[in-house]
Amino acid sequence: MKTVKTLVAAAALAISATAAHAADTIKIGEINHYKRLAAFAEPYKKGIELGLKEVNASGGVLGKPLEFIFRDDQGKPGEAIKIAEELMTRDGAVMLTGTILSNVGLAISSFAAEKGYVYLAAEPLADALVWSAGNPYTFRLRTSTFVQAAMLAEAAAKTDALKYATIAPNYAYGKDAVEAFKVNLKKLKPEVEFVTEQWPALFKIDAGAEVQAIEAAKPDAIYNVTFGPDLAKFVREGTTRGLFDDRNVYGLLTGEPEYLEPLGEEAPEGWVVTGYPWYDIPAGPGLDFVKAYEAETGETPKIGSLVGYMTVQSIAALITKAGSTETSALLGAFPGLKVETPLGEISYRDVDHQSTMGAFIGTTALKDGAGVMVDWTYKDPEAYMPSDEEIKSMRPAE
Amino acid sequence: MGLFVAQLLTGLANAAALFLVASGLSLIFGVTRIVNFAHGSLYMLGAYVGLTLMNTLPGAFGFWGSIVLAGLVVGLIGILIEICVLRPIYRAPELFQLVATFGVILVIQDLALMIWGAEDRLGPRAPGLKSVVRILGEPVPQYDLALIAITPFILFALWWFITRTRIGILVRAATQDREMVGALGVNQSWLFTGVFFLGAALAGLGGAIQLPKGGADLLMDLNIISAVFVVVVIGGMGSIPGAFIASVLISVLNVFGVAYIPQSTLVLIYVVMAVVLTVRPYGLLGREEKAGEHGQVGEVERPIRPVGTRGRAFVFVLLVVLACVPFVGSSFLQVLITDILIFCLFAASLQFILSSGGLVSFGHAVFFGGGAYAAALLVTYADTPMELALLCAPLGAGLLALGIGWFCIRLSGVYFAMLTLAFSQLVWSLVYQWGAVTGGDDGLVNIWPSAWLSGTTAYYYFTLAVGVGGILVLRHIIHSPFGYTLRATRDSARQAEATGIDVKRVQWLAFALAGTMAGLAGGLFVFSKGSIFPNELEIGKSFDALIVVFLGGVKTLSGGVVGAVFMESIKDWLTRLEYWRLILGLVIIGVVIIAPDGIVGSLRKLGERIGLLKEQESMR
Amino acid sequence: MTAVLKVEGLSKSFGGVKAVNGVDFEVAPGELKALIGPNGAGKSTCFNMLMGQLMPSAGKVYLKGEQITGLPPRVIWRKGVGRTFQITGTYQSMTVAENVQMALMSHHRKLFSLLPYAYRLFREEALALLDVVGMADQADRSCAILAYGDLKRLELAIALSNDPMLLLMDEPTAGMAPKERINLMQLTSDIVRDRGISVLFTEHDMDVVFAHAHHIMVLNRGELIADGTASEVRANARVQEVYLGGGTLYAAEGSHA
Amino acid sequence: MLEIDGIHSFYGKAHILNDMSFSVARGEVVALLGRNGAGKTTTMKSIMQLVRPRSGSVSFAGTDITGLPAHKVARLGLGYVPEERRIFTDLTILENLEVGRQSPRAQTPSWTIEALFELFPNLEERRNNRGKALSGGEQQMLTIARTLMGNPSLLLLDEPSEGIAPVIVEQMAKTILKFKADGLTVVISEQNLHFAKMVADRAVIIEGGAKKFDGTFQDLEEDPQVRDAYLSI
């Protein structure tokens, strides 16, 4: 028993001793899944660091340097909330941002609303964040799942395909992505039929079995939401077994460098995908970013790099507009905030706090032994979003 | 028909890697009694090493050579782990070694990240086996056929090795009585090391051989380990043919599950596991395990007494200090202590059933998460006020524990542990895949306390009262007749039965009580975080609790609480560092080696040696 | 007078092998009766069926005329049968007194009580029982550090805690030195006499058996081949052949013991 | 042959052997006598180095074996037969024997499986049966046979008569005398004085972890004080 107290006492001492801090920088609390999803989080972090360097080189915000405190949430929402509290109350962060996992994003969002902290969800894709579980304190940068799925549905509706198969990881994001595709496609082309829906467990795909099950349903086209190692296995088995021959395939996020690059020369050809064709960006702010990023890191950018970079830009613009780091000022400045980014000007919508960052949609091809997107276009999201009334009816009363 | 055959073949091909890893785990467990949690990490290393070698060595020879070499390299890594980490602690209490293997997982995770980087790697295809063969019109990849051909060969080789060679006989003899094997002139240390080499090499082989069907990524380790446990348990711990049958069974079932119930593949596997264990408690080919058959090593637990006046004064002072925290500490400190208190209550509930009851549960988080979900579901769907929902958390978890306990309590030892794991994973997969009700992975959010408790400080005091209260209640129960009865069933079930004690009933109620307390902790948790997600009842959460109990000291009363405080505090500090998992892993391994009796047990011994504590009467 | 224990046609087969085959016997009140036989003769199987650890394949067991066949051990214990084991089954993590208190808590049906401190319950009663077996001075020692002979005595005290009418003792003196064997069996005999308890025990030490048992039964290959007084059994040719041997070991000493 | 010199052995903190010394000559049968808990088994285990003495030394055939791992001690020719018949119940009789097999050594009786089956005919009948199917007596024979497969020059037998029917005990005594005739040195620990007298040349009485008497049985009979104090029949 004795040891209990000694330890508690020691722990309490250690914690309170390090609590002092100086306040000559503006600190932003950044929480992410750095360890277990390092493949996605690291380019994002590098994007942030590039953004910070540029912001601070031009004098920071409100005359002070901008600083991000990066913390690892271990992939646990409960842990993320503890860290969020620590960032806000001990480390002197003025607002929270980050997270790639939707569930962590949702947890922080709920926490931010309860405690009255501003939270910019940089990467999580779940639509619930801004719609069904939306709240006044939460804003989101990245293009929503719904919009990207709607863009793919639009492309799909233009073909003769009537029988669709879907495959998506069996968790909330996958479910949202399939639902959004179905809703949008049915709206455009009511006669389509979904002949099978496959739900492999996230990162535990049994690709051979999935391919067989889809093949057995004899679809005209396939809608894919798998990503990461699941996607690699699915593509390999599907290619080997001829699943993709003479079929249209629509891949949500499949064109993002994070997922396309590891496939190397086995990247599928002719899939219609959303992604980020950094290698093909015309001159302008988009290319400037790519060049700056390559120069800074020696690596080619991922979509995460872009999101990280735009997160810094958004926050810098937000604080500048608010003229203060007080929560009330930030909250007042956020709706309608306009930000100049590599993708052009985006704004944070008043109705659902979602940014107007758009998406690239194009077709996959092989070039020099690597998968790329060709014939791509960049589309603004607003045309694909539900109407303001629909959104208002989804968002909880405030 | 064609499709059916093709599906069967896919299942058989998928069984290959699973069987290799599972047979390695089973072999190691069979001989050393170590439940090697780090086996998935060896599988991951096999994949990375194989990939690196394949990129260096050209052609078909290079490909197959790389697979064999990867096995050998991982086998050598296994030897390193065995000699550096496990050898020093073979004499520690039973199952203590699993804490060390957990440390190994953390270390390997960070090392792999350092060496191979964060990006997923796609495995190369097998030279000459890149296309498909048409069987009854269905395409079957050539490599699948190769795997189907190789696996029985490995099974046969292992079987031959175990049953027909002298070393195999020695291995089986050592499984039963290590000391005796040594007394007959066999160097058991090297036998163990050899077995560890073989088991690790099999895992490495599994990792390398699956490369053409997948690749290498940093999530492989934990992704395969639960499937491997399922296979080993269904097949029967220590049985290699059992591991084979179970990997085929699970893989084939999975293929058909994908085709016919694509939404519930996870649930399917755990249902199969629960059913098999309920019908055949020791797995398909496992043997009945008598508790203590393999010699529960380590000292006997000492007689207990409630703490004296000095101890009570100490607790009182501690409580006063904790009560003063809001006046001096930051709001974060309150949040941190709230977290720690909740975890302490959770760990104490596991310690109750594990130490006093001798029932090692590998799935205790199901009651923590179960309680949290009970409360969260009530709030979400019935707008239940927080006070009532919080009351329902322990009740819900207690009911769940009564249900799960009814099945599990019939077994003992490692099989009990594995059945609790199966049920907790079953509940987890239900919560995870039944999104319509539980929100699945997106969890249930906006579960906040009532206004009077919504402030950080108010909730801090509330947790302090309920959490410490819960821990004290558990402690008192250990000293009550029921606690003594529970310890009696642990010390000698036979004697207990022969003196009027209904052993299973006592264990069942204790299990339910522990579940209830874990549920209370879960209830406190959900209202402190405002949300609940499936990861709170996942295998990892159960391991967290197990580790702190072992780290604190199994054969003590306060081990769980001390371990929880220790672990949460150093985690809070370490997670700020870049390679914190590496450091945490090393810290865990270090503590395990330095303090084989756990922190409390070792401090107590130290105290006795330097004369601070009264020494216990020694034998004779 | 009703027999305390009556066994009729008791049989047990394991996978077709008959371990115990049609055994009949009685134990009278106040009787100290031994069950001997070669290893594997079925003594332990027999004992385990009497105490409910094993379900008989056939046959009946009566305790004071009441049928107890197949009841679980804990129920048989509550009906007044105490048991000691060949390998002691005490609670290693408790003190000597607590071991007895545990049995008393069970006897007084306090097992599920959550409020009182267990170490205070029935302590006087426990000390009295320990006094009977001469262990009172060791009441507060940890059971784990007791000498083997003391453990055996403790087990006897535990077995007495529910005031049994019958004690089943499986090799009560196994692993003890000759002097201790005599002491323990003397103690048992005294208890049988003072409390009017009946005892059925198995034993390999013929000194102990011949010196203390009122009657001796011999079991061989699952069948009872003799049941009688010491001299009857010793004179039985069959018993000599299968069990006692040529007599080089015990013939001489048996007479003067 | 075997020299034990002032060893102190502990289990954890418990001091079990206190300055134990005795020696055994080649071809001799020595019985360790004493009540349960006196330290007989610990003495055996300390010789085998299954329990490592904290001080003092054990030497065997001129080699200091103190602190060696048990398997090395066994390879020097010390054969240990434990008390609780620790056979490998999942292995067949033949496999049990295989575990004990070591190469023959000079000046020591060598054993083959055939020779052992001649000595213990019961085992031959059941050669492919698993250990758990054997009766207690057969298990005891198997433990001895298993150790003999290592061709030991000195045999440590821990309580060979315990829990065995008298008729088997007699057989056992004959077997041990045969070993002696073959030139094997034997140390047995016993509580059964009748049995010890039948086989042993010399008795060593242990009490409280220390040696209290060392001499022939005749000496013992003539020293009633010792006899009554430690053995008391």
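A, B, C and D are the chain letters, set down in written order, and residue numbers restart from 1 in every chain.
Here is the rule we use: a residue touches a chain if its C-beta (ideal position, glycine included) is under 8 Å from a C-beta of that chain, and two chains touch if they have at least 3 such contacts.
From a predicted model like this one, the values you see are computed outputs, not experimental measurements.
Q: Which chain is most central here if centres come from C-alpha coordinates alone?
A: If we average C-alpha coordinates per chain, B lands closest to the whole-structure average.
Q: Need the most distant chain from chain C, centre defined as the mean of C-alpha atoms.
A: The most distant chain relative to chain C turns out to be A.
Q: State, to the nearest whole Å, the distance from the C-alpha centre of chain A to the C-alpha centre of chain C.
A: 74
Q: With chain centres defined as C-alpha means, what is the inter-centre distance between chain A and chain B in Å?
A: That pair's centroid distance is 32 Å.
Q: Take the average of all CA coordinates in chain B, do the same for chain D, and state the distance between these two points in whole angstrom.
A: One centre to the other, that is 43 Å.
Q: Where in chain C do residues touch two or more of the other chains?
A: Residues 145, 147 of chain C touch two or more partner chains.
Q: Would you please write down the residue numbers of chain D that are in contact with two or more other chains?
A: 14, 37, in rising order.
Q: By residue number and range, which residues of chain B touch two or more other chains?
A: 618-620
Q: Touching chain D in the complex: which residues of chain C?
A: Contact set of chain C toward chain D: 37-40, 145, 147-149, 171, 174-180, 182, 204-207, 241-246, 248-250, 253, 257.
Q: Where on chain B does chain A make contact in their complex?
A: Listed in rising order, the residues are 3, 6-7, 10-11, 13-14, 109-110, 113, 118-122, 125, 130-132, 138-139, 141, 144, 213-215, 217-220, 223, 227, 251, 254-255, 258-259, 262-263, 265-266, 307, 311, 314-315, 317-318, 321-322, 325, 328-333, 335-337, 339-340, 432-433, 435, 439-443, 445-446, 448, 454, 456, 525, 529-531, 533, 535-536, 557-558, 561-562, 565-566, 569, 572-573, 575-576, 580-581, 599-600, 603.
Q: Quick check: in the complex, which residue numbers of chain C touch chain B?
A: 51, 53, 72-74, 77-78, 83, 85, 89-95, 98, 101-103, 105-107, 110-119, 121, 141-145, 147, 158, 161-162
Q: For chain B, which residues are in contact with chain C within the complex?
A: The contact residues of chain B facing chain C are 300-306, 476-477, 479-485, 487-488, 490-492, 494-495, 497-502, 506, 509, 616-620.
Q: What does chain B use to touch chain D in their complex?
A: Answer in residue numbers: 166, 169-170, 172-173, 175-177, 179-189, 287, 299, 618-620.
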